[in-house]
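The chains carry the letters A, B and C, assigned in the order they are written, with residues numbered from 1 in each.
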Amino acid sequence: MLDFLNALPGAVSQGLIWGIMAIGVYLTYKILDIADLTVDGSFCTGGAMFVVLFSQGVNIWLALLAAVGAGMLAGLVTGLLHTVCGIPAILAGILTQLGLWSVNLAIMSMKANVALNIINPDVLNRLLVSLRFVQDVGNGARPFYQHPIFVVGIFTLVIIGVLYWFFGTELGCSIRATGANQAMARAQGINTRRNQVLGLMISNGLVALSGALLSQYQGFADANMGRGAIVIGLAAVIIGEVIFAKVFHNFGLKLLAVSIGAILYYMVVQLVLSLKLMDSNYLKLLSAVVVAIFLSVPYWKGKYFSKPVKRGGVSRA
Amino acid sequence: MKMRWKAGAALLALTMAVGLAGCGNQSAQQTQSGTQQGDGKTYTVGIVQLTPHEALDQATQGFQDTLKEEFGEQVVFDYQNAANDPATCSTIANGFVSAGVDLIMANASSAVQAAASATGTIPVLGTSVTEYGVALGIENFSGTVGTNVSGTSDLAPLDQQAAMIQEWCPDAKSVGLLFCSAEPNSQYQVDTVQAFLEKLGYTCTQYAFSDSNDMAAVTQTAADNSDVIYVPTDNTVASNASIVDNICRPAKIPVFAGEQGICAGCGVATLSISYYDLGVTTGQMAIKILKGEADISQMPIEYAPQFTKMYNQAICDDLGLTPPEGYTPIPTE
Amino acid sequence: MLKIENIYKTFNAGTVNEKTALNGVSLHLNEGDFVTVIGGNGAGKSTLLNAVAGVWPVDEGSITIGGVDVTRLPEHKRAKYIGRVFQDPMMGTAATMQIEENLALAARRGKGRTLRSGITKAEREEYREMLKILDLGLEDRMTSKVGLLSGGQRQALTLLMASLVKPKLLLLDEHTAALDPKTAAKVLAATETIVQRDHLTTLMITHNMRDAIAHGNRLIMMYEGRVALDISGEEKKKLTVEDLLAKFGQATGSDEADDKLLLG
């Protein structure tokens, strides 16, 4: 148990990084009402883009920006496949995700795995986040503000702040309306297709940013790194919602809940691994089962446990 | 009502986790964190392995056996595999580092990368990695990482492989190097072996295919233009060795392979390493580090101590080749 | 104000389900006309409104609103000229958004959606006053999610949204059909008030003949994808349900349609 507590800072750091991806998933799944499977590919796109550019000596912020740009491009492709070509959103996401496998390999010069040279202290010191820094801050070798929890925490808060502002603007409101009711949105003169594309771009930009931060954190990008990301994202969204639905009503707080959901998810993963609660092979199964259960709860609730109408009460119809 | 439902759902998830845990509790080895260093004390070694896989498992086994033989009850292993999810390697490495293990053995590239990211102080020994310069993104790799990272490579010495081709086909002039361009380790091996072959007087041409779909066409071109074909340790060829065999055997072009599995499918001869031996070598490095006899930053990457010269009986018969001294046939089922 | 010239629309062309929904409809509305539309199921009433709104393109013919040819404009661009209320109370509002947010969305119909604030303080006050006119108590629940409102409240809100930016054309597609009679009457009264106040050019579909006669200055009846009857002026004012049925029989040569019409 002590091992687990010691491992918590690392788990929270990783959770925060995935939380940014989960916020991206929240935007499509909850706001646009689209289950976007592009995520599994664009997560790696972000990581690959970052590692390759950074290794070539590109400024870290530019490399991060390029990663976000590449993710947005992936979202654009899914969006156009859905809106212009009329392909159902889920299928459009799957197509992009599949295509991205090749694109990601191409970005990494046809390698399945590219590493940051973290052995070199100059390279390590240029990074914003690294698993190494968790220990370094812990033993006083680095100042607290280099702790991944602090750095990614700032990233998360800035992202939440910007999204909070954006979804309060005319454009942001029109995107929310698009997800809430397309017929109504079009009747109010909102270009729903453009908004869907825009939403997918923003979401995948965030997902790619998360991938770029994770590859920095773990020191490498791998063609397999995004597999199942959508499920982790959904798990975070659902955990956040279940725990904070009663408390958080504000949009910004809801995004924060998603981030906390991701942290809790990784705390559970670390707990399972540290205490050897089960073979790591079953982690993915566990995630899938947990998400499936939480997604079915509202359905069961409505179907079998709806509140009985009181005698003499007004019919809801 | 609603509130209770949500609490219920959360509880359900928790029970699930604990419930599943009960089923998978087979590896409940005791881990002691923060063991004191020194003679007569217990060493804790964390082993992070990318995925359960025959070769990787053997390396882990060889490593554990070697340490157990040396330290007996005084070494405790914390073995975890990432179920082939590279990101999980980081979570595992994070657990080891925060538990304060004495040494991390990282089995396969992403495991080494994650462990190297996780700590700059705890010694990290890699194994089953073909080339550390590629795996750690180090340019102009010298053979020694120079920090808390070292380990063993699963590469059969490439100069020996070039010598093997000369031993079998001294009269050949051109060697075709066939590999999949998507595999970074293949490119590295091909480049290195080409240098050795050219030193021996061969003309070399690289034939790269991008995936199994264009493999047949590229192999055909290679067979048409070469006297001999060399295939490195390449996963795509390994999965599709019959394509190479169907083209090269009728054309009477001998194929030399980087590892035993490919050789069994389409090759004439190979130098084969044992992953168990590789694990033993890694274990011996670990003993020196744990005992304080060697400084990991000074330790170069080591290779398998020995390799077996092997040949493929059926293909040799078809091509009318007689194996030189010292080669044993690859066992056939 | 609205010029519909000879439009055709066939659904599922070339299949066994082929259905000619609009079969050469022409209709001219003058500014300020309040036209009620009646007709049986499948007569083409809703199809006509959807054609004008641009839900899909028509096969032939042209549609002009206030001198602008909108035949080829997509739905969201035509929305600049058109206010709409749907039959389904769920369709006209965004359930997961607040009442004031819905109104703010409607206030920006036909304008570019920029990065300016989605709703301003001044707007909120304005909306509060407007909601008071509806007399449904919504002015005190401006930040409630629309999903919590009843069907009647939602239709009233949608009506307000449709007229928030004065439309060149108001399309009402049986907007009281899903409501109980009492609420329906209330919403209809609000409709009359708003249409009169803003002199809106209006097309209102209804399944209720009495409503069709009581409201508006002109009445059209559709039959098999065409305009079968077009009654306006003095004739419309004196119209009774019996007249209407008789005229319908004359126009179409059918008298068995009575039940269908009444039951709608």
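Just so it is clear, a contact is a pair of C-beta atoms (placed from the backbone, for glycine too) under 8 Å apart; a residue touches a chain by one contact, two chains touch by 3 or more.
Worth saying up front: this structure is predicted, and the values here are computed from it rather than measured.
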{"item": "Most centrally placed chain - per-chain CA mean versus overall CA mean", "value": "A"}
{"item": "Most widely separated chain from subunit A, with each centre as the mean of CA atoms", "value": "C"}
{"item": "Where subunit A and subunit C are represented by their mean Cα positions, the distance between them in whole Å", "value": "42"}
{"item": "Centre-to-centre distance between subunit B and subunit A (centres being mean Cα positions), rounded to whole Å", "value": "32"}
{"item": "Computed distance of Cα centres, subunit C from subunit B, in Å", "value": "71"}
{"item": "Subunit A to subunit B touching residues, read off their complex", "value": "2-4, 6-11, 14, 55, 105, 109-120, 124, 130-132, 134-136, 214, 217-220, 222, 224-225, 227-228, 242-243, 245-246, 266, 268-270, 272-284, 286, 289-290, 293-294, 297, 301, 305, 307"}
{"item": "Residue ranges of subunit A touching subunit C (in the complex, touch as defined)", "value": "166, 168-174, 176-177, 180-181, 183-192"}
{"item": "For the subunit B and subunit A complex, residues of the former touching the latter", "value": "1-3, 5-6, 9-10, 12-13, 16-18, 20-21, 23-29, 31, 33, 52, 80-95, 97-100, 109-110, 113-114, 116-121, 134-139, 145-147, 149, 181-184, 210"}
{"item": "Residue numbers on subunit C that touch subunit A, as the complex places them", "value": "53, 74-77, 79-80, 82, 84, 86, 90-97, 101, 104-106, 108-111, 113-119, 161"}
